[in-house]
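Have a look at this one before I ask anything.
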Amino acid sequence: MTIDFTIPDEVAEQQDRIRRFIAEQVIPLEERVIGRSVDDALTAELRRRGRASGVWAPQLSAELGGGGFDLLSSSILLEEAGYSLLGPLALNCAAPDEGNLHLLDTVATPEQRTRFLEPLARGDVRSCFAMTEPPPGAGSDPSALRTQARPDGNEWVINGEKWLITGADGAGFAIVMARTGEHATMFLVDADNPGMVVGEHAHTIDASMPGGHCRVTFTECRVSVDDVLGEVHQGFRYAQVRLAPARLTHCMRWLGAARRAHDIAVRHAVRREAFGSRLADLGMAQQLIADNEIDLHASRLLLWQACWAIVQGSRGGQESSLAKVAISEAVNRVVDRAVQLAGGMGTSEETILGRIYADVRAFRIYDGASEVHRMSLAKRVARRATA
Amino acid sequence: MTIDFTIPDEVAEQQDRIRRFIAEQVIPLEERVIGRSVDDALTAELRRRGRASGVWAPQLSAELGGGGFDLLSSSILLEEAGYSLLGPLALNCAAPDEGNLHLLDTVATPEQRTRFLEPLARGDVRSCFAMTEPPPGAGSDPSALRTQARPDGNEWVINGEKWLITGADGAGFAIVMARTGEHATMFLVDADNPGMVVGEHAHTIDASMPGGHCRVTFTECRVSVDDVLGEVHQGFRYAQVRLAPARLTHCMRWLGAARRAHDIAVRHAVRREAFGSRLADLGMAQQLIADNEIDLHASRLLLWQACWAIVQGSRGGQESSLAKVAISEAVNRVVDRAVQLAGGMGTSEETILGRIYADVRAFRIYDGASEVHRMSLAKRVARRATA
Amino acid sequence: MTIDFTIPDEVAEQQDRIRRFIAEQVIPLEERVIGRSVDDALTAELRRRGRASGVWAPQLSAELGGGGFDLLSSSILLEEAGYSLLGPLALNCAAPDEGNLHLLDTVATPEQRTRFLEPLARGDVRSCFAMTEPPPGAGSDPSALRTQARPDGNEWVINGEKWLITGADGAGFAIVMARTGEHATMFLVDADNPGMVVGEHAHTIDASMPGGHCRVTFTECRVSVDDVLGEVHQGFRYAQVRLAPARLTHCMRWLGAARRAHDIAVRHAVRREAFGSRLADLGMAQQLIADNEIDLHASRLLLWQACWAIVQGSRGGQESSLAKVAISEAVNRVVDRAVQLAGGMGTSEETILGRIYADVRAFRIYDGASEVHRMSLAKRVARRATA
Amino acid sequence: MTIDFTIPDEVAEQQDRIRRFIAEQVIPLEERVIGRSVDDALTAELRRRGRASGVWAPQLSAELGGGGFDLLSSSILLEEAGYSLLGPLALNCAAPDEGNLHLLDTVATPEQRTRFLEPLARGDVRSCFAMTEPPPGAGSDPSALRTQARPDGNEWVINGEKWLITGADGAGFAIVMARTGEHATMFLVDADNPGMVVGEHAHTIDASMPGGHCRVTFTECRVSVDDVLGEVHQGFRYAQVRLAPARLTHCMRWLGAARRAHDIAVRHAVRREAFGSRLADLGMAQQLIADNEIDLHASRLLLWQACWAIVQGSRGGQESSLAKVAISEAVNRVVDRAVQLAGGMGTSEETILGRIYADVRAFRIYDGASEVHRMSLAKRVARRATA
């Protein structure tokens, strides 16, 4: 055991397979989403290709049909998937399904595995994770949760309102977080439950999430006690079970997208002439390029180290917080520089750059805003210093 | 004559009139563009309201029906107009018409004034400015211009391709820049000229420009010698005539938009509770707020000073370069911080923030990318130091 | 009354006189402080030259022998003085004397004017301002003041400890801030008062302040009731009287020093060859140069506007807070870029750059740390938004 | 072989030994350099302690009396040494000796090993590396080398001028880089060679380097052909042999110093009260603390990866360039934030912070300025993109 940065052969081979798959089978489909959202037909086509190419769900266990790679190896493979914004859909490692798969795999009952986990693992349905609430409900501060569930015989009855629920429109089921007294509990709610209504989409600037970001209302929504996910009152703990790795898989995918943006911009810069020189040879362009290299490289190392810590058995809260804030800000910088380098067409979807720019902004906000992670990091440091 | 920051009474009064107009008559119409582009009906309604409210075209001479304010006073009034992304349309001070109005007012012949300038000043038509070309043509480097015009008897014949031409779709006419030998010349081309074809729109992330950003093709496009704008071979000079103030009116409008974003975010921050405190009272939020105040204040002063220099008779190249690069970057930072402060809904059009975020990015690229202005600034400094 | 950036003729003339004085009579003396502090002999020589050259104390009233310029005009003249780190000493507009002169001129009794203000105005003595205390006393938070003064017959008796008191060693007198019950009071204490002992100097990285930054101890230090500065219990108010303009005069002087650093670096860049090109023609060097131009220009405008607001009768708290935080950070950036541009010798005192770099760092901390000003700015914004 | 971040036991044990050594035997000596340079007596005492404590020269081979750790393990141990600015002296892993030891160990003849390498390894003498020249000689651009060596029988005769030669004053010998025709050659020159004169020290703001940064003049300086280091004409290659790891050992030591600065600032922040709260609990302070954690953690990973690449046999140019620019800028940011957090005393040597702040600035310039490394990084990227 020693410090080592060698990518194991089997991971490198799968990385190569995914790289070719993305280049040959996914990127050619990107023109279908220029100026448009991802529709169900495209999602289905992407998943058909993914399943047929030996690249399906690297992060999922083999028994569920996935690649069976651990979080650290997945960090390499999901970065590769993220090289196209459509890649994670094709590999069934996109948010929010990927986080839900992980959570279900960890805490679902055998019956819940059959009803919810397995169809999701096969890519037959999509899912959503209904936690965020409109003000004054739970944003980054989970203690503000206002959606309530009360027991009623063999059932629980949920009332409340969620918003910005990614993928809700068209999802087969939702994992719903609700307050149960002093605690919180998670529930599995089928899409056809009449007590759950998916409302209007927020018009956010990102456009690559099938099912949008929706308002979801629960009105006397009744679910069986068998639809409690894991144990009653353990909702906050499960949210952490889901969040620490989910944060990191976001980092993986966005790192791939940022690398894509950089590559596009560099290709532009070596071809374009300006002021009697190749753009790539102008000092300010070189600075943009070099800073992108630095940000991408440092982000990858932070990601690997955080995944390694979790795989080693650390709860990984600090590492994943640190990696999330650093990487989300770095990828935003990388994409912004790529846009700048590409000039006139840098903000257009035709070059993909504009799409990545629009899609990546919210990553500094969701799964813990930068400010929240910084606060939490600083508190740990202060605690250590006073210990 | 001394250093003074007093806004003259008549400007302050007009500023107040515009502020109320925007608040009462424009902002309520914004919901019509959530998730949508601006259409002609909305533009017409906005302009009807603008003409009826005594706020029309502050920057335009009184004889053309405008407010007759100079560039410095206009900087205050157009900032106010920019407080809504729809405001400049309503006041007929939006790009690219505003720059075209200025250019036409400076160099058009009496006959051209009647045919092109007056309808544009009344807001009866829109226009576009066809200079930018696809690679390897003219991006930020005007010497790379490839569209050509050749004389043929009483006519000029234009051939070439432009792209990212803002507002081309639906414009009544175009001002077209074409190479004439060693020089460049500007031409006025009617929308119904069969030699000019407006092609596909680029899918850029901004959405508030009526007429989009289009490819425009010129194939044996014939115009009369009377349609030369100003003098033959003076195109590059006229481009500067247009650009120095046009850059600054962009700064004015975007400064208003950035202030709007800041105000929205601050209103959010004083209402939202997080971690047992008002969001606005948390240190990291205070930092975002304070940095926005600083950026907005400094931007306004840079803008005023650059306008003042031009009004004083300086050609204003250095001041407008410096103001453009500083303000375009500052307003991007301000809007980015506002998005961050607003959290979950910060990237949505419902809060307007997402729309401003998407719309403002390209401002660091067009009318001279930041890098081009920095290069030009540094060259002046080096020249001064070697003199 | 309108927005105007014209420097009045009489100010421009005095600016020119100071510029020549600094270039011809002050900069040649700088070699005497390379690797050394400023000693009393040098201070005396500088002041002799200053008094003889018609440039003495621009900010001071004519009746006290100064130039009689208001704060706004002074902003131009003190920037010019600051072009050499020795300039403000030569012109008697250096901290802390300049702030003490202002405070005394505002609140001193006729007898105090004769004993303290007049010798200080003539430059016969130096002074210090004893407010800051070691933890847990008053740093940026004045409410933590622990030095006490109690009345005793016709006297006050001061006990407490101050530190980082700039210029204390060798000062003719101190203005001392002490708690008097719920309030604070300022006292004038002669250097020969046996109850006041000037202790060791802090080894800070700056080196241009005569008299260093000292610990000062008050042990049963008795002063007459006539030595109360202004009124009893008005200490906090007077601290503001002193601070708002003192902050801005710091900005003026440091802006001059930053401009000097920039000029030195640019002269280096136009002479030095690197990689087959003049350093000044390399893109990354151009970026450093352009960013310095932007920072210097914006800083000057922020400074002028804040001074104007105070001259107009605003208490100027917001403007001076904003200007202080923005300018202190901008000048630090400018100097840092200049050091980088100058390369190998950039951190040496021989080029003056190293000296300015070391001297300017603390400016982001004293007279209100950046964080304190940001907090105060954000609070005003939040108050406005809730009003 | 897989990605792993485990510090091997024997490295962790040595790290712990060094940590205790620094805390118990080095830090207590720091008060001897407050406001003073390091003198020879202190250096001798530090080295006596280092040799006696089993921590001597981790990076040096066992046969030379060192710890025999490879570059990757050394990165952990030299970071620990750097926790005090005096630590690397005590462990004989300070610049420039450490780089010279490495170079000599790689290319010296047996006789040179006895005369130069072994005394240096024992810490009996100091050495210097004479490459940098005053303008228009070699700064960051080695092709500008102007010092010449000509063969003359059994000797070489060196003429030229160097400056900013760290440690020259008091060094036992110098490694001198000189032009030999189209190439460059390195020579070993004894301090008592009458042709080599150590001149004045530059007054740089750093103060922890024994022997200063000196001008060194070579006038008909004769050395034997046996004093050619390695082979004739291989000077540029050897400079790379020395530089790639030397750059990284700088990163190691400065990373330790930056961590020290951070720790000092955090200890201050958890003790100091401000505005009714512990400083460490204020949001803006938390931001400074969290950003430092991120920068330190990312720097360490970049450093480890670059060292690993070199140990694996990569020439490591790209990795060490990238790590150098990223880490040198990160440690400067960390120290700057620590100074800010510490407030009033942050710029003083008493808190060590001021000393670290002054000492670390030049690290963004020497061993390749940030701009040079960025240019080189961007060129590699562009080459890859055109391949």
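Each chain carries a letter (A, B, C and D) given by its place in the written order, and its residues are counted from 1.
Heads up, the rule we're going with is that a contact is a pair of C-beta atoms (placed from the backbone, for glycine too) under 8 Å apart; a residue touches a chain by one contact, two chains touch by 3 or more.
All of these numbers come straight from a predicted model, not from anything done at the bench.
Participant: In the chain contact graph, what is the shortest path length, in steps, from chain B to chain C?
Facilitator: When the steps are counted carefully, the minimum from chain B to chain C is 1.
Participant: Counting only C-alpha atoms to place each centre, which chain is farthest from chain B?
Facilitator: With centres defined by C-alpha atoms, farthest from chain B sits D.
Participant: Of the pairs A-C and A-D, which shows more C-beta pairs in contact?
Facilitator: Result of the comparison of A-C and A-D: A-D.
Participant: Report, in whole Å, the distance between the mean C-alpha point of chain C and the mean C-alpha point of chain D.
Facilitator: The computed centroid separation for chain C versus chain D comes out at 37 Å.
Participant: Based only on mean CA positions, could you tell me how far chain A sits from chain C in angstrom?
Facilitator: Distance between chain centres: 51 Å.
Participant: Could you work out how far the Cα centre of chain A sits from that of chain D, in whole Å?
Facilitator: 42
Participant: Could you list which residues of chain B touch at least two other chains?
Facilitator: Expected reply: 282-287, 371, 374-375.
Participant: Per the contact definition, I'd like the list of chain D residues that touch chain C in the complex.
Facilitator: Checking each residue of chain D against chain C gives 34-35, 132, 135-136, 139-141, 144, 163-164, 202-206, 213, 271-275, 282, 284-285, 339-340, 343-350, 354-355, 357-358, 361-362, 364-366, 369-371, 374-375.
Participant: Show me the residue ranges of chain D that touch chain A in the complex, using the header's touch definition.
Facilitator: Its residues touching chain A are 1-8, 72, 263, 266-267, 269-270, 278, 280-281, 283, 285-287, 289-291, 293-294, 297-298, 301-302, 304-305, 308-309, 322, 325-326, 371, 373-375, 377-379, 381-382, 385-386.
Participant: Using the touch rule from the top, collect the residues of chain C that touch chain A in their complex.
Facilitator: It comes out as residues 282-287.
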